[in-house]
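Chain nomenclature is as follows: A, B, C and D, assigned in order of appearance, with residue numbering initiated at 1 for each chain independently.
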């Protein structure tokens, strides 16, 4: 768990990427009215590895992911992407200042996000979804964007569905298009928010396979998931959240191995899918 | 009783000109009303809170009073505050403002109906606010609200009949005047009923056609 | 609960239809029917001062109200007023919605062919009303090429249009649901004149001398105002009775008093309906 | 404006509310019938219902009213002004309410009906105990909306000789030469009426929602 204590390295210093965490979460709390969903999270997500965020429903893991993507604003604390602050900059005296929308968009464009509900835009084809940001944000020529989009669709095995609208695709296919959409912008980090939770069991496999390939290719992935089997086999780091606190953070062996933290044991009992037990 | 439509046949040029006035005033008011309604809905969504309250009052007042009264106020009350409009501009402005209130509510619901996740997905790939409005919200909303918009357009076809009361020479005014001249009152009403019925059903048919064409864009429910 | 209500609604509809039907179905003598009911239904519009209008207290007033009160006394019946826009009055009469029409209506050739007129009650010769102080209109011909308003489906409108055709450049006309709207538009300056019968515009100009003025002389053919009934055989007995009452009122001087009250002047009207010139 | 004239306006507003109210209630009953006919598998019932809905939604109320007032007597049905107004408003709103109700019936979840079937409710019992109550509750917002639309549409019934709020304002505007004042007052009274109905509607909705799962 040494990563957690690693001091943030200023981005200006040309340290090797592996030394600077891909995502650094510092003292993040999140309050919705009276309820404190996140109660001071410190987490470093290493670059080039897959980190899985697990925990019971309501533990705050999705909120944490959304704070990292700056879809939610943390009540206190800061987020840095490869050392660059996202949303708020912190002065040495702890004072937070809001960064410009321009800056937020810039830093955020280095993150890709895959949602539980896919969130494909229904009025655009699969290819249209993938190319949208390339054309409107990156100002690429449409033909170049489409070539790149097709490549991404090929990567998720859907080049023959490019002209289909989301309503004409299965859930698994939609989620793979959503992954291609995120990949098209060449993100440094890919965030997954329970990517298979809305899928029928027979469709989760195709999505998990794509994610496995991505993990194997050395991308930085941060995955919120209920698929403990996937987390245990693909995740290189496991972070366990409970009641808004980060209880455990380490390699699968450290986290799942004996002796287990009592809260984790309880969680696994409730949530563990039977097949995964063998993997641990 | 017998109906004699031959009396009406002689007046075809006048009747057609009335029909034309009905159609173009309707089209202009519908398009301008939808545009203004969209502006109102956008301002209420993105503008400051006081503007939202003000526009809410605008919408509720227009939706809570009959079009006829609004038109009377504009046309007959207007000159008392220095606003002297000719019948056709008054009719167009009145109908546009009236329509904008209803359209703004349709669009407001449309904004709400676009899943938040679709906007978040756009934020995540770096689209700006304007781009999100233009590229994501507007097109998605259009297909969500199309049926209600067609409905409103149909209501507006019928509301144009009221413009005859401020002497706009549209179909109701022209045909009922001819009916009075020729003492063919019932024939005139029949003719009007048929004309409006055909207009409304045509509009409804075109709307359904458009909906069918857009249906493949409908939401894929995960 | 809904079902019970539905049953009631259906039952009452089912009952109402056959009950309503015979009223018009049998051609009952109109006078007998009115006497039996003790009331005569008279259709009119309330935007035709000084014959029919809503006074400043919100009550239906005018020469018609007074005159029909007298007629009612003569006949021993009450008067039930049905008021609607003028372009709905004649259709209503033809549909049998009322026993006769007050109005009054200008006696014209076309109307005489279709309706029965009763003894004339006033002059109806058409003249122009202009904005007070509008120097551009000194005589009727000055409306050439200009926009003139009148009530929809009125004889005054027809006469204005016919007169316009005799002027160089013609005139434009605008048709209003009622003369009140035309007066309002004249005051607002959207039109330059309103064509209406002399008694009407004289009254309007007299009540609002700051706003309106009458253009003299009258441009229209001399014509008269009369009340209207249908030519249906079953209606004639009633119309005869009303006609007799009107003539009696004229002869015993009550009419002169009413004219004095509402027009500020009196005019001779023939007892018989004269041959219309328009 | 004197108190006497304001009283007249209030009286006319009351008349507007009365006639609209009666029309809404009759229209709801008639709408239920038309809706039932439209949903019937029997073409002899559903086709006339479709035509009814299409006609009364496709023709301006102004024209409908004049047809009723001037045409029905010609075929031997006497309709006094008030009756013509109420019949016109009722038929018009019945067409709209039938469509609203149809929407309500169609959005009763299939599963609820299947569940009723499984516990042995007869088709009529299903209608009475399950489908109708749920459909009516689903239709309530549309019904409130429709009530407001009819209140406003009633501004047209003066065309058949009924003096309601708008006509009263028109009369008084002409006799006092103060159109701005009287049309504003009429508008204000319509607002009070419509907002009251809308407020009452949302209270009613909240009350019925409490019984919802």
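Definition applied: a contact is a pair of C-beta atoms (placed from the backbone, for glycine too) under 8 Å apart; a residue touches a chain by one contact, two chains touch by 3 or more.
Predicted model only: the values in this text are computed from it and were never measured.
Shared contact partners of chain C and chain D, listed by label: B.
By number of C-beta pairs in contact, B-D leads when B-D and B-C are compared. Comparing per-chain C-alpha centres with the mean over every protein C-alpha atom, the closest match is chain B. Ranked by how far their CA centres sit from the centre of chain D, the chains are topped by A. Look at where the CA atoms of chain B average out and do the same for chain D: the two points lie 21 Å apart. With centres defined as mean CA coordinates, chain D is found 53 Å away from chain A.
One simple way to say how far apart two chains are is to compare their mean CA positions; for chain B and chain C this gives 37 Å. Centre-to-centre, using mean CA coordinates, chain A is 82 Å away from chain C. Along chain C, residues 91, 94, 181, 184, 187 each make contact with two or more other chains.
Within chain B, contacts with two or more other chains are made by residues 76, 185-186. Taken as a graph of touching chains, this assembly fits none of the simple shapes: it is neither a line, a ring, a star nor a complete graph.
Of all possible chain pairs, the ones that touch are A-B, B-C, B-D, C-D. Against chain C, the residues of chain D that register as touching in their complex are 4-5, 8, 25-26, 29-30, 32-33, 66, 69-74, 76-81, 132, 136, 158-161, 163, 168, 170-172, 174-177, 179. Partner chain A is touched in their complex by these residues of chain B: 115, 117-118, 120-129, 131, 135-136, 139-140, 143, 216-220, 222. Looking at the complex, you find that chain B touches chain C at residues 76, 78-79, 84, 86-87, 164-167, 173, 176-177, 179-181, 183, 185-186. Residues 87, 90-91, 94, 114, 149, 152-153, 158, 174-177, 181, 184, 187-190 of chain C are the ones that touch chain B when the two sit in their complex. In the complex of the two chains, the chain D residues touching chain B come out as 54-55, 57-64, 66-67, 70-71, 74-75, 148, 152-156, 166, 169-170, 173, 179-180, 183-184, 186-187, 190-191, 194-195, 198.
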